[in-house]
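Next come two complexes, and both contain subunit A; in the first it sits with subunit B, in the second with subunit C.
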Partner chain A sequence: MTFSSIKINTTMSLFIFLAFLIVLFSFTSEHFLSPYNITSLLTNLSFSGIAAIVLTPIIISRGLDISIGGVIGLTTVVVSALYSQTDPLPTWLILIIGLGTGAIVGMINGWCITALDMDPIITTLGAMAIARGLAYVISDSQSILMFEDTTDFISNGTILYIPIPIIIFLITAIFFSILLHKSKFGRAIYAIGANETSANLSGIAVKKTKMILYVMCGIAASVSGIILLGQTSVGMPQHGIGTELEVITAVLLGGTALSGGKGTIYGTIAGVLILGVLFNGLTISGVRYVHLQIFQGILLLVAVATYEIKTRNEVAR
Partner chain B sequence: MKPTLLKMSHISKSYPGVKAVNDVSIDLHAGEVLGLMGENGAGKSTLIKLLAGAEIMDLGEVFIDEKKVDINSPKSSQENGVSVIYQELITMDTLSVAENIFVGQLPVNKNTKLIDWKTAEQKSSEVLSLLNSDINPKSIVGTLSIYEKQIVEVAKAIHKNARVLVMDEPTAALSEKDSKSLFKVIDSLKKQGVGIIYISHRIEEVFNITDRISVMRDGLLIGTKKTKSADKKEIISMMIGRELNQFFPEIKSEKKGVMLKVSNLNIDGIIENINFEVNKGEIVGLFGLVGSGCLNIARSLVGVDEIDQGEIYINGKQIAINTPKSAMQNKIGFIPIDRKHEGLTLDFSVKQNLSLQSLERLGSGFMIQESVENSIAEKWVKKLEIKTPTIEVQVKNLSGGNQQKIVLGKTLETNPEILVVVEPTRGVDVGAKMDIYKMLENLCKEGVAIVLVSTDVPEVLSISHRVLVVSTGKIRKEFKKGEANQQDLLYEASLS
Partner chain C sequence: MKAWLRSFIYSDDIVGALTIFLGLLILFFALMTPHFWSMNNFYSIIGNIPAMAILCLGLTYVVLIGDLDLSLGSILGITAILAVFFFKVMHFPLWLNLISCVIIGGLFGALNGIIVTKIGINSIITTLGTMAIIRGLAFWIATDVDAMQIGRITDPAFLSFGRYYFPEDSRLIPITLVYIAILYGLSYLFLNHTSFGRKIYAVGSNEATARLAGINVKRVKLVCYILAGMLSAFGGLVLVAQLGLGEAQTGQNMILEVVTAVVLGGVLLTGGKGRLTGVIIAVLILGVIRNGMVHLEQVTDISFYWRDVAKGVILLLAIGLYSVRKSFNAKRLRTRQ
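Right after this comes the complex of A and B.
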């Protein structure tokens, strides 16, 4: 069996599971398939979906970024705080600074992981705490209201009836699927994740590649933060708490292996959709949010267990 | 003659496809040092594992004090007084010396039921002083030198009343001074009546410290000689056995000027003042025993090992190599020693492996152009006669020989002018071996300068135009083709 046929099979089974969920929820709730619910479902999942797409290459390179939630919170606070100054900078500049926030956190992550050879989990765990802490300091633990046309448009506007967040999600997905599956950079990412020693000996710039990945992930988290800010019209340090868990669950559910070298953007899209449909379907079927948390945890464990069982079978063969 | 302490009689052990140990019998007397020699894969390690109970023998019997004993686990081996000190020391580095020596049986105070550290440390000191060592029993083992760790292991063995002590390449990582101290320890153990089986590739020291020498080859015991009456070259030829045969191609050297010049290369404590030149179309072999520094010389040429001092010139121009990428940019190709972990990406397809070193050339811009990648892969599959169903197959499903050809192909795709090759035919079947030699021959004809690091004696002698013998980090001797036979080469390499 070849590498590519395994990928298709795994992803296909995920989409079959997704179809099953959709049919199931269309029976349990009459509202599930309404245009309004579908649109809101997709808009909501775009927010974490963007981060999941960009986290996928990191996990394929055998890394991890759990600072995503912290960066989201920090970005909402930075942007709203800058806007609420008496004489604010132009909005475009504020937004660039917002994206720069994530880029800087990503750069620090990348530097620790490549130059100091630190463990990605610990590094980004630390970064998460620092970003979240900074958000509390800057906002003085307060919510900062922000009613502004550009961010409102980014989060709530539509082009040809399609909400902008969905468009951003789709563009990100298409861009990264080409990057990962068709480009030289993408091939380098798989090579690093599958065998870093041989990648290095093959002349691949391992450190530079990793650095770029963490910076991109930071920027993606800031994009998610800006969307969240527009949706809620408020910047606050609590924004994005738990998002990293949701995002990691989606990526792993999509078949990307924590041990590196394996995974696809299609798989992550399936993971994001399954998670989104499951949450939405359960919510409108009357399940409480606190219970959803339990479902999410179980799903994460199931995703990892499935992977472990699969690899064990491969080894046994 | 002293009584027989240990007798291993008609021992056999097979693994799928190989008889690792085949009807081997050895004996050991109290107070005797028996040297065990043989090339890599001769069966020494397996024999020791059987004695240690780490593997179970298929056939054969073991006698201690002329009484038959059953050895079927590490525990039963230790209970019969056998202790093995492996080359990779298995000390518990985060614990103290006393804890290591008393592992699992620390003394307990009768009243408090707590560990009696005072007794443990005092007894440890006693054992250590028997070994002329003043290591503090309270020291954390991880902070000790390799020699001191070995002494801790010996102390542990003595404390367990070991009567048969096996030492596997104990001096491989020791300085000359520490080696001498170790020999003194061995001497005092002998006087205490301990029997020692001493495994080493270093022929000088084996001749200095052993009473008898047993030589193994291809799983068989070739013979046992009294050290006093044995001759070094005789022992070496017992180890090698096979003669140079026909299947090495005659590779003509086409000297067309110096391609690579290495000047005064140093890595502190590892290699020292390395100077050599390689001409276009010439194969220069580097030969040395494990730990000699050969591998480090090769690795420093391709930007894996960092050099502390020295210059590398290509075509007379000095270049700086600090990463594998910069080596590639300077047209130096590398075939690493371990194809599974260094050479290949096992989960990648044949095609993806063959193109990995040439990623930047797989299309003009950002994207991989599939037609370019396919043609690269198909070219090498054909040229190197790689046996694979398609170029989409994962390389982990291919045989060792075909995997090695892929490593060769991916490097050659970068058109290297200098090729550093480490153990190119290890674990490769005869047919693939021939193909690889043929490829090296063609490269020579094309004017590529080749540095070959190999511990395969017949190979390095037959393929190289010159052989540089490396030992303890220095080039000790240079042989031109035909100047040396296998005995000479091994003899020079075992000097230090």
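Right after this comes the complex of A and C.
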């Protein structure tokens, strides 16, 4: 009972903070609440939001994936390079290969972490270097232009006036909140994060669960990459540099603990929305990008410090 | 499995294996490319590693206590900017410039250390945050101060800080090599022959035991972070003097390579174990790969960018080998019982 009330309070306080930000920015800029800005805000945030949603269960299981940005870059390059061949494959096949790219990187991550028992941070750091390096090799450090109807539709199209990236983001969020909070698989993830040995002893397939999580994260990063490719119409190896910082910030802001076993999808959604609204609002109010970076760092530290102090007080009580 | 192979893979001493690997790499590039094996190229390799080697030394201190500092590349970046700022805008003399930069680097290190020890946030998250903050500050200074638009330094005294040779006319030993030797030598003595150095290893191997043994764990950690910050600042100064240029993006993607080198050098991420000889050889390995790939691209059609892939693969192999070794040792312990 007490536990659930604390959880609700944390997420609630995040949404209250979000509401406060929205009210604040609607005063500082008259354009903030215009339909155009709201749409572009949500479209931009769904790009990193998809990755953040899928990273949440990984962090809950006490893992981490830093290779997200590298996979985004590699996917944009692979898809655009395949499309720019003189006799290109059908688009649906190219997109599947694009998603497969992320899946393969995720599989390598998962295999190293489960079979070899390697540290997830270092593993995914290595995978990031490999993915980014391959992107540079394939593209020869050039930007590859790509104007294609399907990717353009995925990134800029609408269904019932709702941009498709937002729809993908919503579907991902709903799917993962059901998976994490209503399924046996989700309970297993929390159990692994709380105590991996006891989860293993109580019959949970720890390695298989972790493997699935990393593969899903790779695929999600590829989806983000394809959306980014459609939005910018160019595939380049520099795409997605720094995205991992943004994504990890959003997840931790949402109350997921790096020490594992704790966190919700709703919290991550709140974290993604807060980051998105904050950046959009500050930009639209005339704050420069240089200062945004500083804000992002401070916000991450303040959020994590708050949780840390709160947990310590609870333990002390 | 053959006994020698087993002892090679499972032995605790990684320095021998690294040296052999470095030798093989040099042999490979020397045989494959015409210009790799030359005095000029040797100096070019040596000239490319100082900042990297000094940063690795700084990170080693932090990894030895079981933490990770991702902000070192940003500290190097802001030092590059500050050195130009002090030089161009404040008109500091060289010695004051160097000292203030190193002190500011130490302060950023102290900031990391205080957040980690006092508030108790995980070191990776802390330094991920300060990495963004410090880099942001560097860009802020670089874009807001007009004199910083071109961060070029032409003062010969400053440049000789990174470009001087001993003896001056025969250009035999570059001064950067002297810096590396002195810093690694001092660190070696500090870590192995002072009580404070032994305390660093003690905190890294088991924090709780160290505390019970009466070691001020928080102070040891704080000192390690400060040393890492100061060393990164020094590395930044050397780099600026070598390049004659300080930009806000200096060292932006460096930290990945630094972590790779330190881990490859056999410093355990869990802390408490690692030797400086391993680290410096790992730095040389990465330097040889970086240089050799350029030569290889000229001879064959292999893209220069494969070096990033190679870096990642080597990192994964190093850690994978360590993990296999760990599980093997655990199994051996179990069978003994």
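Keep this in mind: the second predicted complex is superposed on the first by the 316 of 317 C-alpha atoms of A that agree within 3 Å, B and C clash if a C-alpha of one lies under 4 Å from a C-alpha of the other, contacts with A are read in each partner's own complex, and residues count from 1 in each chain.
By our rule, a residue touches a chain if its C-beta (ideal position, glycine included) is under 8 Å from a C-beta of that chain, and two chains touch if they have at least 3 such contacts.
This structure is a prediction, so every number in the text was calculated from the model and none was measured.
Engineer: Using the superposition on chain A described above, determine whether A:A205 touches subunit B (first), subunit C (second), both, or neither.
Structural biologist: After superposition on chain A, A:A205 lies in contact with subunit B alone.
Engineer: Quick check on the superposed pair: does A:A194 touch subunit B, subunit C, both, or neither? Answer first, second, both or neither.
Structural biologist: Only subunit B is touched by A:A194; subunit C is not.
Engineer: Check whether A:R132 is in contact with subunit B, with subunit C, with both or with neither, and answer first, second, both or neither.
Structural biologist: It touches subunit C, and subunit B stays clear.
Engineer: Is A:I122 in contact with subunit B, with subunit C, with both, or with neither (first, second, both, neither)?
Structural biologist: In the superposed model, A:I122 contacts subunit C only, not subunit B.
Engineer: I want to verify the contact counts: of subunit B and subunit C, which reaches more residues of subunit A?
Structural biologist: C
Engineer: For A:L301, using the defined touch cut-off, is the partner it touches subunit B, subunit C, both, or neither? Pick first, second, both or neither.
Structural biologist: second
Engineer: Please write out, lowest number first, the residues of subunit A touched by both subunit B and subunit C across the two complexes.
Structural biologist: Of subunit A, no residue contacts subunit B in one complex and subunit C in the other.
Engineer: Sort out for me which residues of subunit C touch subunit A in the complex.
Structural biologist: Touching subunit A: residues 68, 115, 119-122, 124-126, 128-133, 135-137, 139-140, 143, 256, 259-260, 263, 269, 303, 305-313, 315-316, 319-320, 323-324, 326-327 of subunit C.
Engineer: Once bound in the complex, which stretches of subunit A touch subunit C?
Structural biologist: That would be residues 112, 116-119, 121-123, 125-134, 136-137, 140-141, 245, 248, 252, 258-259, 290-294, 296-298, 300-301, 304-305, 308-309, 312 of subunit A.
Engineer: Spell out the part of subunit A that touches subunit B in their complex, as residue ranges.
Structural biologist: Going through subunit A, the ones touching subunit B are 2-4, 178, 182-185, 187-188, 190-191, 194-195, 197-205, 261-262.
Engineer: Help me check something: in the complex, which residues belonging to subunit B touch subunit A?
Structural biologist: Result: residues 302, 304, 323-325, 328-329, 334, 336, 341-349, 352, 356-357, 359-360, 362-363, 366-368, 390, 392-394, 410, 414 of subunit B touch subunit A.
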